[in-house]
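Below are two complexes that have subunit A in common, paired first with subunit B and then with subunit C.
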Partner chain A sequence: MVDFFIGLFLASLITALFTTRLYRLLNWYAFNSLTLGILALLIGTKLDDNAMLITGVVTIIIKAIGIPYFLKSFSQKFHFVRQIQPEIKVQYAIMLIPAILVFTFYLAEPITHMIANNSNYVAISISSLFLSLLLMMEHKNIAPKIVGFLSMENSLFLLGITATDGMPMLVELGIFFDLLMAIVVINLLFNREHEEELNND
Partner chain B sequence: MIELLLLPALIIFGLSFVKSKKVHKLLAFASFLILLPTIALFELPKPYHLLGDYLVADTLNVYILFVSSIVGIGVALALLTLNKHVRVSRKAYRRFYRFFAIFWIGLIFSILSNNMGIYWIGLELATLSTVYMIKTNHSNAAHKEAWNYMIVGAIAISLILFGIILIYASAKPILGEDAMNFNLLLAHAKEIKSPFLFEIGFAIVSVGMFVKMGFFPMNLWLANIERASFYPVAALFSGILESAVIVGFFRFSKIAMEVNYDHLFTFVFIYAILTIFIVAFLIFRTKDFMRLFSLSGVEHMALIALFWVSGGTFAALLHFGAHAFLKPALFLSTGVLESQGKYKIAGALRGYTGKKGTLFWFLVSLFLLAVISLPPSPMFFSELYGFGAMIDTAKSSHHLLAMLGAIFLLLVLLSIIFYKFIDVYQSMKYEGKEYQKKVYASELIALMIFALGLVGLMLPSTLTYLKGI
Partner chain C sequence: MILYITTIVVLLLLAPLLLSFIKSLKMWLLFKRPTSIFQGYRNFSKLLSKETIVSEETSAITTYAPFLVLSPLLVTMFFLPPVVQGAFYVSFVDAFTITGLISLSTFFLMLLGLDSASAFGGMGSSREAFISALVEPAMVLTVFSVSMMAGDLGVGQAGVNLAAHFPKEHMASFLFAGISFFILLLAENGRIPVDNPETHLELTMVHEAMILDLTGVYLAIIETASSVKFVIFASLFVSLFLPFGYTYAAPLAIFVFIAKLFGVAMVVAILEVNTAKLRLFKVPNLLGIAIVFAFLSLITFYVLGA
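Take a look at the complex of A and B:
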């Protein structure tokens, strides 16, 4: 079951890389976060770790529901460009993504020997990190770049769950707090832009 | 005690919602309250547990917190006259203070943290709050750079988290959840079963920190951001944010020294020399104050990292203190030097009249000459001690000649920077047209606080304290 969801996690991120519409990208991000939350719940149940179960629930509430909802409302409020064409052409992306996957598996190989549990998941987390960076790089618009940053955070979260069997509860809650702060700052930045545009008009 | 440390920032945060004009003065004076708990921390026995094992005050972080607090006070004072030099709305002004308070809270947590996770959370909080401070300037460049900072800063901070997770994974088998604790990690560093995993984690953390400090290959991103934002933001970056980043580097590298000193030294040595090599030529080509001071800050941080890994703790900390006082002072003085957004270097030190004006150009001249390590600047002594530590390290290895060659190269690069600063100083003092410029009392007091801080660094008691760390 864990293997299935980790596959879905990676697949949703790869699909997000080919997405050309903003709302669809937000949906893929929400799905990616949902699989992450379910993974935390599954691994938490397996390890009998209550802290990870709480983290899983918080992940689903904040990342799979809250953040996509806020980003969607921001896009309506501030009139984001919803046609987001990646700068890297599809035919090149099709070659680049598997290359990144192979490269990161090769890169993570020495690390996976040192981690007792879920060692392959560590390699997937690292490849997700690279793919999230690619998502940030391949778009000129700011909204997909934000989604790329949030996906990168998801990848790190997956790494935390798999490589370390969960980070301390306080740290994970702190990371959630910072994520919410990031959303507040993003809102303020867009708000400012919007106000300036209105003033110019 | 932690409540007292956070109190000034909380007062500033609360007062920033008050719409009265008079509130600005209160905001500046509230910042002075930080001195009471910080001085009290010096007197308390170390390590002093502020919040269980999460926040612990020791000799190193109390010193860094004290230096950062003085910078915070100086910046809060200089903020009083921000609207006299640049166009800023009252609403944006109040928001600036609000985010300044959040920034301060984040950094107090980062600096005093004894836990990798809390350290990261504090740093992330400070990074995010800075984004809005950059955006207070309503220019297109500031808007672009605010987003740039958000994205690149997020990547840097994510790299740090990535490295922390790997370090935590390497130490969890022996320490359990306490593997996040810096002191415990240091005590059990030699028992880590996967040193390779730790070293990868450390390398990634360091790269994240180096990106945040503007090291190779990201030398210009910070300079561009500081150019685009209002001058107090640059002062906060160089005086406080970089302090929090470097204290993290000190803590992580202390553990890495125990795991494999040779690997750590080679990695940081190559990275720092490469950074200084590039920065020296970038400084030579700069045409405005902000970029000049910002790139000089990158050079100082690289030297601090180099001295620290060479075992020159005293040199690194003295250099750090001098950098933390000099750079914010210079950044704050650009508010007057560039009067109303003119970036001209020529004649920037001319046109000052009266006691305030004379004192201003005298202090700025002193800071400019001190920043290039002219004696009796603390930087002169820190560099002497730092190069001495590098030679001492090389003596115990078989690479003495290589080290001497590296020091010679560093001296050549530093002389390029020296030449540029002297050229800039002469241009400021003897070239260009003379325009009347106004200096306000609050910014002069801020500069005097920094000057006193520099003098304080050279006091025998301070030097003894630094040698004891």
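Take a look at the complex of A and C:
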């Protein structure tokens, strides 16, 4: 079952790499976060770790519902460009993405020897880290870059819950608050930019 | 042996029903008054009684290509994985044979389009060639990786193995192969993100453009071929990716299988209502996703074993 959701996690990230519309990208991000939350719940029940269950629920509430909603409302408020064409052409992306996956699977091999259980999950989360880096690189607009940054955080979170059997609760909550602060800062930044644009006009 | 023949006959009889079901479900979802789900049979009998006219410009190919479109698909029906436990099945036919037979049928369909000597036919043929060239590598990779998970290269044997032992430990790569195969199902059958099966005389069409000149019996054969193709893909999807209910007693197992086929048809209909048709030059993006997932499924299986 965990394998299935790890697969969905990676699949939604890869589909997000090919999307050309902002709202659909946000939907894929929400789905990605939802699978991450379910994974945290599943692994938490397996390890009997209450802290991880709380983290899973908070992930679903904040990342799968909250952040996509806020980003969508920002994009309506500040009139973002909603057509986001990737800079890397599709035919190159088709070759690049498998190459990245093969590279990272072999890259993670020495680490996986050190970890007793769930060694595959480490490889998949490192590869999704690289893929979210690609998502940041392939767009010029600011909005998909933010989504890329957020999904990079998602894959780090996946690495945290699979490789270390759960980080301390305090660290995870700290990351959540950091993320919320980042969203507030992004909002302020856009407000400032918007005002300056109005002044220039 | 009797079960083998029965399932093939049932699937053949079911073929027009499935496409009519998709159509009427779509109409119902769009708040139109739905057509009867038996419309496929009515069209078939109507076309059989109509006069068959062949254009003067065409060569002999038009008179025998429709049969050559249908026959490889009928042969493929015999190679599908079994529906019921204990039924006879062909175990040695692999992914390459099935892909080859389906593309043989597509080849004759393209010849038919070219032979009609109208501009539309040639355009439809070139588009079909473009799409099927992109479908085939992904199709071979997908069926290959599922066969690796099942532990046998033969498609029929792979279906049996998957039903006996569901690959829980390879769930991630199984999922990737499933996504890839579903995209291929949409692309090969000309469903909406790739081709719109309902339009006539529109610049975007692919499948309808090739058969625009056909009438009567020939049109009936081609329509049957396209519904048989959908049944082949749907039943491959069902027996490779949803392999449960195989061990029940014979009538129940067949019923469960048919229910799963209708489930696939329902998913296709809902997807068609919710998505717009892609521009022709955007189709490689969709099929590129299919190829990436097929490849990903193979390397996840080999490198990680997940």
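Quick notes on this structure:
In this text, the second predicted complex is superposed on the first by the 201 of 201 C-alpha atoms of A that agree within 3 Å, B and C clash if a C-alpha of one lies under 4 Å from a C-alpha of the other, contacts with A are read in each partner's own complex, and residues count from 1 in each chain.
By our rule, contacts are C-beta pairs under 8 Å (C-beta built on N, C-alpha and C of every residue); 3 or more make two chains touch, one makes a residue touch a chain.
Fair warning: this is a prediction, and the values are worked out from it, not measured in the lab.
Per the definitions stated earlier, placing subunit B and subunit C onto a shared subunit A by superposition produces no clash, and the two fit side by side. In the superposed model, A:L101 lies in contact with subunit C only, and not with subunit B.
Looking at the superposition, the partner that touches the larger set of subunit A residues, subunit B or subunit C, turns out to be B.
By the document's definition of touching, of the two partners only subunit B reaches A:P168; subunit C does not. When both complexes are overlaid on chain A, the residue A:G7 reaches subunit C alone and has no touch with subunit B.
Here's the short version: in the overlay, subunit B gets within 19 Å of subunit C at its closest Cα pair. If you check the complex, the residues on subunit C that touch subunit A are 168-176, 179, 284-285, 288-289, 291-293, 295-296, 299-300, 303-306. Within the complex formed with subunit A, the residues of subunit B that make contact are 54, 95, 115, 117-118, 120-121, 124-125, 128-129, 131-132, 135, 138, 143, 146-147, 150-151, 154-155, 158, 161-162, 165-166, 168-170, 172-173, 177, 180, 193-194, 196-197, 200. Taken in their complex, subunit A has these residues touching subunit C: 1, 3-4, 6-8, 10-11, 14-15, 18, 90-91, 93-94, 97-98, 101-102, 105-106, 120, 123-124. Subunit A makes touch with subunit B in their complex at residues 110-111, 114-116, 129, 133, 136, 142, 145, 149, 152-153, 156, 159-160, 163-165, 167-168, 170-171, 174-175, 177-178, 181-182, 185-186, 188-189, 192-193, 196.
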